[in-house]
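First chain A sits with chain B, and in the next complex the same chain sits with chain C.
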Partner chain A sequence: MPVLDRDGTQVWRRRTGKESLGRWFGWLLGVAAFVYCWQIISDATTWFFVWDAPRIANDIWTRATPPKWEYITQLGRPIWDTLNIATLGTLIALFLAVPVAFLAARNTTPSALLIRPVALLIIVSTRSINSLIWALLLIAIIGPGVFAGVIAIAIRSIGFCAKLLYEAIEEIDHAQVEAITATGASRWQVMAYGIVPQILPAFAGIAVFRWDINIRESTVLGLVGAGGIGLQLSASLNVLAWPQVSLILIVILVAVIISEWVSAKVRGAII
Partner chain B sequence: MLQLKKLTKTYKTGDQALKAIDLEVPKGQVLALIGPSGAGKSTMIRCINRLVEPTSGEALLDGVDLVKLGATGLRKTRREMGMIFQEYALVERLTVMENVLSGRLGFVGFWRSFLRRFPQSDVDEAFRLLDRVGLLHMADKRADELSGGQRQRVGICRALIQNPKLLLVDEPTASLDPKTSRQIMRLITELCRERGLAAIINIHDVALAQMFVPRVVGLRFGEIVFDGPPNGLTPGKLTEIYGEEDWEATIEAVDDNGNEIEAAQ
Partner chain C sequence: MSDIQLEDKLGTSWRKPHFITNPALRWAVIAGFVAYMIAAVMTIEVDWGRVYEGLDRGWAFILAFTSPDFVSRASDIWAGLLESIVMTVAASVVGILISIPIGLGAARNIAPLPVYVACRGIVAISRALQEIIVAILLVAIFGFGPLAGFLTLSFATIGFLSKLLAEDIESMDRVQAEAIRASGARWMQWINYGVQPQVMPRLVGLSIYRIDINFRESAILGLVGAGGIGATLNTAFDRYEYDTAAAILIMIIGIVMALEYVSGIVRARVQ
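Up next is the complex of A and B:
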């Protein structure tokens, strides 16, 4: 009880004495745990390398600058591949995520006991594995190249898109669905008229958001051989061609900035 | 035309929303359903077109028991019952025209409706209805650009384009100002008269109900406690429906043809 009776006046405190004592004890535990963990990390660190870091970083910086500008002629194709991996992967993911989302949303699933758990499992399993790992698996299955990258991005994005979309479906205004149902519309018509218009802005937002993320993710897929600019990055890193590495990083940065600008524009136009 | 026989709805929580309702609505009759919040008014009209599944009893529309209908039969029969909602329930991101035409969904196939290729006769009728309610110039506007009264008019068009036998109207004026409320009530009752439509209008504004309808049914705790003409609603009857309160002012307002409401604006 935060209201105390003291000498006949009602004193209000945010917390009782016991509660604040408990909180102080909690903070104490937190700080102690932090100090203890710091100790362990410190013991496990070779501090020589850490103190050395600025010098090494400086060394790499001087090797990497200026970027090897003429190398850009060889980057056009890989960055184009990267963009394609991201875009195609996103499109495939959206195509597959829509049915999964409808099966997963509590208000549209045909069976909450049987089908919904399956849909949720698809969402969780595709979401929890990083696209790099998917790419490694897929390269083993379908061989290295752009196609493996596209599929890796697609699989990774299904769960993400489906999750956001099914949450949007669950938040729709039920009255509009009821009104369409009351006209005698079929199940599919109720979907097309009552539900789809309501989730369309969310869908568009999710699509560009995921596309934006996928551009960043697809730049690294080449590291494991799944096509795109990552391939050039890993090749340059392997031969310690630092000026090429810095140019690749600049190209990636520019691509990401452009994609972010595009997705911000698109989202602004829809919402 | 519509006959409810021992219609009962018990929710999963055990709440009895409707207790064996018996009611008959002849063709072309407009009746108002009044009663306090939670009396089962909304449940009752939703049990008729089965947006809520009744627990037991019968609801006969021209002799067809709505309660026993399968999915296809239910869709066919829903076309004969237009519904108007409290918060309009228009699809906000569609245009006025699309909203009106959505009343024909039960009559056209999926792809035609999906591609918005409605039969020309439906489009003509939609324009006629929009003109009748004075919204012809708004046909291309998106529904969320309209004011409350305008939206409710679109809702009315959507219900009427079904060419129904019966209108189920759920609190049509609850979100509207007093003047618009009257206009909407007048419009609904006029259109019912023009088309010989029967209607059940849920309404919690007693004075408004008395002003526009020839028959009032009072619901309390899921039971019909009053059924008669509006002037039969004495303070005693209103107390029975709603509970203790000074009812003289409410009834007076109606006798003066609602001057007090008008003055209040």
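Up next is the complex of A and C:
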């Protein structure tokens, strides 16, 4: 235990001198990095606009309230589209994620040397790119619309679902698998009766969890033209129709809260 | 299984139990699901001619990954990436610093009720609003540039980190904290020696995970003018410069992978 001698009395210290010096140096580096980053941000900012911000914020607030409630009649179809993008995207993603997860899990992969890295690459690359970027890309390829949104959400979700699923597969109880194997079951039968029942609750949980996230993401996909309520949002923003913007934001908030509530309920019932 | 039940079962073949045991509920769920699927698929308009035309472009994009062009827009890519990294670092530092007191306030076992309600309110608002929507509003208020992106990411970090930190504090071991309090510690000392050591490993792990998320999010904030690599990427897509877009995506994936690797090491070390 580090102890400091001071005037003949011993004083308890949490760290030795060397440790505190190292920590102090680490903090110094961290603060320096932060100050440097802040400097760059500050240089790229027009501070005049920032000092003016409270007035602008107040101005936007007065323009945006009260929300234009009658506009909600035009939002039915976009909300339906948003729901479809999230749901169909999640379903497609789950279909594709299951084989990827089985190929990526250490205990079920046919080849740890060749196939597992490919599966992991699919997981990482689909996961690290945001659905808005996928939507941007798909719009350039297959044109704007709901379909591009569905595919964007699906691709983005593959990595997420497959990662959680393969971790669940790796954590299964091996004794059950062995018991099924001992009855003389084939490779597919082992999978169906030994592995699938163990990961089914995890699978259902992942599906609902991802669906909840996808509802959030699909509300903004329209900003780049991929359908859903985001289209209305960007159209309203472009013509500075702030009362419509505030109504759309309220609708999005409500949708997000409802989807979170549904997902929490379903997961509570499953697990 | 009792003897009588076993007698009944003898001679009949075993059937896999259903996931939902109640047959009425099971069929209702299946029927509702099928009805929804039909309705959803019917309302999605897919212009198959456009999709077919786009397949060439899609193939060109996939080919672009084999020959990414880092050179011809090198200065734009570099400036965008640097801005993304700067925003990530600054926003993570500020976000983590703010989310620690809010996380303490949002833990029911150490905060009085009014503070708890206020902090939970902040967390709920921050979590319900998506980054991109916050970014749109902040760009409208503060003007274009990385400052809006920095504020957006800080705000999003608060919701994420405070919630998880608060949950961790709520599930901590009371005994240790009480022992520190019994030694006559002041409130700050109590937090510092009773609570902090228990939640520190998880806080470090979550912070690093959040840095990772912040970088990924910073890649899309440019789409709405909040600074970062997103603007460069958007321009590359608009000009159909797939080789440049592929180069940017590869760099994003590379950085995310590196961050995940580092965070794995750090989390393994602190836990």
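We adopt the following convention: the second predicted complex is superposed on the first by the 231 of 271 C-alpha atoms of A that agree within 3 Å, B and C clash if a C-alpha of one lies under 4 Å from a C-alpha of the other, contacts with A are read in each partner's own complex, and residues count from 1 in each chain.
Operating definition for what follows: a residue touches a chain if its C-beta (ideal position, glycine included) is under 8 Å from a C-beta of that chain, and two chains touch if they have at least 3 such contacts.
Not measured: the values here are computed from a predicted model.
K.L.:
Could you look at A:256 and tell me whether it touches chain B, chain C, both or neither (first, second, both, neither)?
P.N.:
second
K.L.:
Just to be sure I read the superposition right, which of the two partners does A:200 touch: chain B = first, chain C = second, or both, or neither?
P.N.:
Both chain B and chain C are touched by A:200.
K.L.:
Is A:140 touching the first partner chain B, the second partner chain C, both, or neither of them?
P.N.:
second
K.L.:
Between chain B (first) and chain C (second), which does A:178 come into contact with in this model arrangement: first, second, both, or neither?
P.N.:
Once the two structures are laid over each other on A, A:178 reaches chain B alone.
K.L.:
Between chain B (first) and chain C (second), which, if any, makes contact with A:186: first, second, both or neither?
P.N.:
The first partner, chain B, only.
K.L.:
In the superposed model, which partner reaches more residues of chain A, chain B or chain C?
P.N.:
C
K.L.:
Which partner does A:128 contact after superposing on A: first (chain B), second (chain C), both, neither?
P.N.:
After superposition on chain A, A:128 lies in contact with chain C alone.
K.L.:
Taking the superposition as given, does A:44 touch the first partner, chain B, the second, chain C, both, or neither?
P.N.:
A:44: touches chain C, not chain B.
K.L.:
Determine where on chain A the residues touched by chain B overlap those touched by chain C, and list them.
P.N.:
Overlap of chain B and chain C footprints on chain A: residues 193, 200.
K.L.:
Which chain A residues qualify as touching chain B in the complex?
P.N.:
173, 175-176, 178-186, 188-189, 192-194, 197-198, 200-201
K.L.:
Write out the stretch or stretches of chain A touching chain C in their complex.
P.N.:
30, 33-34, 37-38, 40-42, 44-46, 49-50, 53, 56-57, 60, 80-81, 83-84, 87-88, 124-125, 128-130, 132-133, 136-137, 140-143, 145-147, 150, 193, 200, 216-217, 219-220, 223-224, 233, 237, 249, 252-253, 256-257
K.L.:
Which of the residues in chain B end up touching chain A in this complex?
P.N.:
Answer in residue numbers: 49, 51, 75-79, 81-83, 85, 87, 89-94, 98, 102-107, 110, 113-114, 155, 158, 162, 168.
K.L.:
Which bits of chain C are touching chain A when the two form their complex?
P.N.:
Within the complex, chain C contacts chain A at residues 16, 19, 36, 40-41, 43-47, 50-51, 54-55, 57-58, 61, 82-83, 86-87, 89-90, 93, 128-130, 132-133, 136-137, 140-143, 145-147, 150, 216-217, 219-220, 223-224, 227, 230, 233-234, 237, 240, 245, 249, 252-253, 256-257, 260.
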